[in-house]
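Naming follows writing order (A, B and C), and every chain is counted from residue 1.
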Amino acid sequence: MLIKERLSNAGIHTVLIAYSLLALFPLALILINSFKSRKAIFREPMGLPIGDSFSGKGYASVLSNSDFPLYFSNSLTVTCVSLVLILLLGAMAAHALSEYRFPGDTFIGIYLVLGIMVPIRLGTVALLELIVNLGLANTLTALILVYTAQGLPIAIFIFTEFLRSVSREIKDSARIDGLSEYRIFFEVVIPLVRPVIATVAVFSMIPIWNDLWFPLILSPGEETRTVTLGVQQFIGQYTVNWGAVLASLSVAIVPVLVMYIIFSKQLIRGITAGAVKG
Amino acid sequence: MATLELKGVKKSFGAVNVIHDMTLEVRDGELIVFVGPSGCGKSTMLRMIAGLETLTQGQISIGGKRVDHLPPTDRGIAMVFQSYALYPHKDVRGNLGFALKHAGVDKKEIEERVNNASEILGLSDLMTRKPRELSGGQRQRVAIGRAIVREPDVFLFDEPLSNLDAALRVHMRVEILKLHQRLGNTMVYVTHDQVEAMTLADRIVVFKDGQVEQVGTPLELYRKPANKFVAGFIGSPAMNFVNANAVDSAVMVAGTKLCSSKSAAGEVTLGVRPEHLILTEDGPFSGVVSVFEHLGGEAFLHMTLPDGQLLVAKLDGENSFSTGQPCSLGIRPEHCHVFNKEGYRIAE
Amino acid sequence: MRTLAKSGTEQTHRTPVRWYILVFLAPATLIYTVFAIYPIIESLRLSLYQAGDGQGIFVGIANYAKLFGEPLWADQFWNAFKNNVLLFVMHMLIQNPIALALAALLSIPNLKGAAAYRTIFFLPTLLSVVVVGFIWQLILSPLWGISPAFMNWLGVGSFFKPWLGLESSALITITLISIWQYVGIPLMLFYAALLNVPEETIEAARIDGLNGWWIFWKVKLPLILPTLGLVGILTYIGNFTASFDLIYSIQGGLAGPDYSTDVMGTFLFRTFFGFQAQLGDVYMGATVASALFFIILVGVGLYLFGVQRRLQRYDS
């Protein structure tokens, strides 16, 4: 019995480790080669960047000779501002939907989460026209507004589900303590939703940081290019400068990676806290 | 210190009437308990007193001052919730002092009142803990402390012990009673547990379907329940109800007169508390034992009458019966409760 | 919105208008309406117009007639639609079973290293498709990829083919890359659902004599059916819209070779912005987007009224 159990245990880990390698191998490939000289990349793509094959040139050329720092700050601005707006406005709307009863509440609740099922990309044609008419073409503001609109439905959905599961009594208690409805939101509800903020943040951030569609269409200009779009153009431009391409890819990976590692524990807790029940 | 007055209070959610028409005067310093099954409107009534629900009609006054148009915080009340409703991100001290801090009370005074409350409740060693680091009983103590700190005219308790385990519940019940004796405030206490109601209350209000069934002291309710609902709700195990006949003011079961009642006539229901049934040689209740539960000091005898009706008797633990054994029970006339067809008590 | 603010007086007596509800709801509703809902509705409207001087001219369903009637358009549309359907079917048959299997293994109680596995499996999902596209080109390219050398080293070099460049294998290769990247999402959803299966239910099954495999099959799987439905519809929506990114970054706007990886997203992009000789056409773009809208609507409708309802009934 014990032996059998051990065998099956080993089998499980073999499968999981095999898949882990499959998931990690391509990533490792990029990171390893980003530190190598062009020759070394082609001579020995699997070799580690040690000795004479090590080269920081790729990173140097990315960080100095290009607009990469600009792209990076564009992406960071767009992602962070959108994220704050999604979290704040999403939590506010979810609070209103879960806490108060008013005529049309069900309708507005459904309306606001429709966007989960109907991707905003389908409106691209009219959206571009709208953005141009508003004078927002080639601005980061355009991206921020669109990403906020895109991220709100899922954020509202997750927050509402979560807030409905939270006891009403704590808000009533705050009312008896004399807090206004606004202060109840900021001082009681915001601390309460903290466990799911990570979940919402990760789910909202990934598609924003990695998006290619809207930067390509709404703000392809040099000044407003995001990292993702920048890397995409970069690859086309410098197909010879491998070190630089690989380094730029690595740079593009890092922020999401950091964010994910910070939040990964809370992420699962948030998902299992009943936020995504299907 | 204050009286609490409810006058013609009504509440409806759309077409559904939750509170029909409630009028009640709570005396200064009285501990009044709202009791009833879930969904009976007792919590809604309490929330209206607190100002968390609006009234559809009627008036609420505290200390002679009308408060039903005031926000909760200006009514001079404090409330203790079933789920404790502590702020999870604040420690015990922060929770206790929060309302005062918000109201702009002087720092020294806050400290004084918080320390005083924590002493009363034995929380002094826990002041820097967060709610998640506390046990259920400790959390409930903090919740009560938070109410004390506000020095309210009226304390409101919404099923405060329901989330605690049985042993702790008994303990906290005594604590609340002591607290009431010590502070002497007017308190309104909502519970679905009739034992809590009986042990705590100066007076009990029994709710059912948004209506008040009876108001009275615990013993009044026990001795003279106004109707079958109150009779069945108060007391444990619940009162037995047996079909009976009234002829010439004599209440008869199976041809035997059990008690007399001048205004009773025709088909009536006889209510008999399990603890009032006594073992007899020959009836008037004769049947067979269906279950015999031994609890040590006492025992419950479940008996099936020939016509299929069930009767539970609470007997002394010395007795012993086996299933299927024939047995016979009786009752003293003064322990009989007689209800008419509509379920209302019939005067003797 | 006005009825919303007024409503407070109706329900309660003597209470002021509850403006705060409006304040909480308005910003999200406004941004969402202007930048998500309005453009979609406006696109639907534009699909009924054609270019004219200055303003568009209302042409009814002429654009749709063109899209489905003219071979030049219809061929492209049905080709992209077919590829999308294939993409969807392959994701359902490959990605979701893999995700379910991995989630089932991960949810084994007290599994050592579960957190590490979880983090690793989700990593590719975090990456930009641009990165993913490049990684796999680096691996698979016959000119500068590492696969030929690697496969030579393994002694199977003669089996190497430029998979991304062949019409016969490009779409399946793209699918596998997409699965490699996105398996993390269904995996997380399944994993969370499996963790939510009450321990008692599983213990009861164990006492009833079921072993690990049968517990998964007979107890856990039925309980997570709603999640299976959810993953299904998310896969459907994702395949019809998000698939653009990967294909555009690997194969470009022409979705080569010879449109063999063309999907609705790339087709819409080309129609809207034009490519090579063809000029971009806002109205035809809107028409393609609207067609896509209805395709998704059908899927979501089937899910909401068919799948989900039945699953929930089963669930309860």
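In this text, a contact is a pair of C-beta atoms (placed from the backbone, for glycine too) under 8 Å apart; a residue touches a chain by one contact, two chains touch by 3 or more.
In this text, all values refer to a predicted model and were calculated from it rather than measured experimentally.
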Inter-chain pair with the most contacting C-beta pairs: A-C
Chain whose mean Cα position lies farthest from chain C: B
Centre distance in Å when chain A and chain C are each reduced to the mean of their C-alpha atoms: 16
Between chain B and chain A, distance of the C-alpha-averaged centres to the nearest whole Å: 53
Interchain centroid distance [CA atoms averaged], chain B/chain C, Å: 56
Shared-contact residues (touching 2 or more other chains) in chain C: 11
Of all residues in chain B, the ones touching two or more other chains: none
Chain A residues touching chain B - in the complex, by the definition given at the top: 167, 169-170, 172-179, 188, 191-192, 194
Interface residues, chain B side, partner chain A - complex: 47, 50-52, 71-74, 77-79, 81-89, 98-99, 102-103, 146, 158
Chain A residues touching chain C - in the complex, by the definition given at the top: 8, 12-13, 15-16, 19-20, 22-24, 26-27, 29-30, 42, 45-46, 85, 89-90, 92-93, 95-97, 100-104, 108, 111-112, 114-115, 117-127, 129-130, 145-146, 148-150, 152-153, 156, 180-182, 185, 206, 209-213, 217, 227-228, 231-232, 235, 245, 249, 252-253, 256-257, 260-261, 264-265, 267-268, 271-272, 274, 276-278
Complex interface listing, chain C residues touching chain A: 3-4, 7-8, 10-11, 18, 20-21, 23-25, 27-29, 31-32, 34-43, 45-46, 102, 105-106, 108, 111-113, 115, 117-132, 134-136, 138-139, 144, 146, 149-150, 180, 188-189, 191-193, 195-196, 212, 224, 226-227, 229-230, 233, 237, 241-242, 244-245, 248-249, 265, 268, 272-273, 282, 285-286, 289-290, 292-293, 296-297, 300
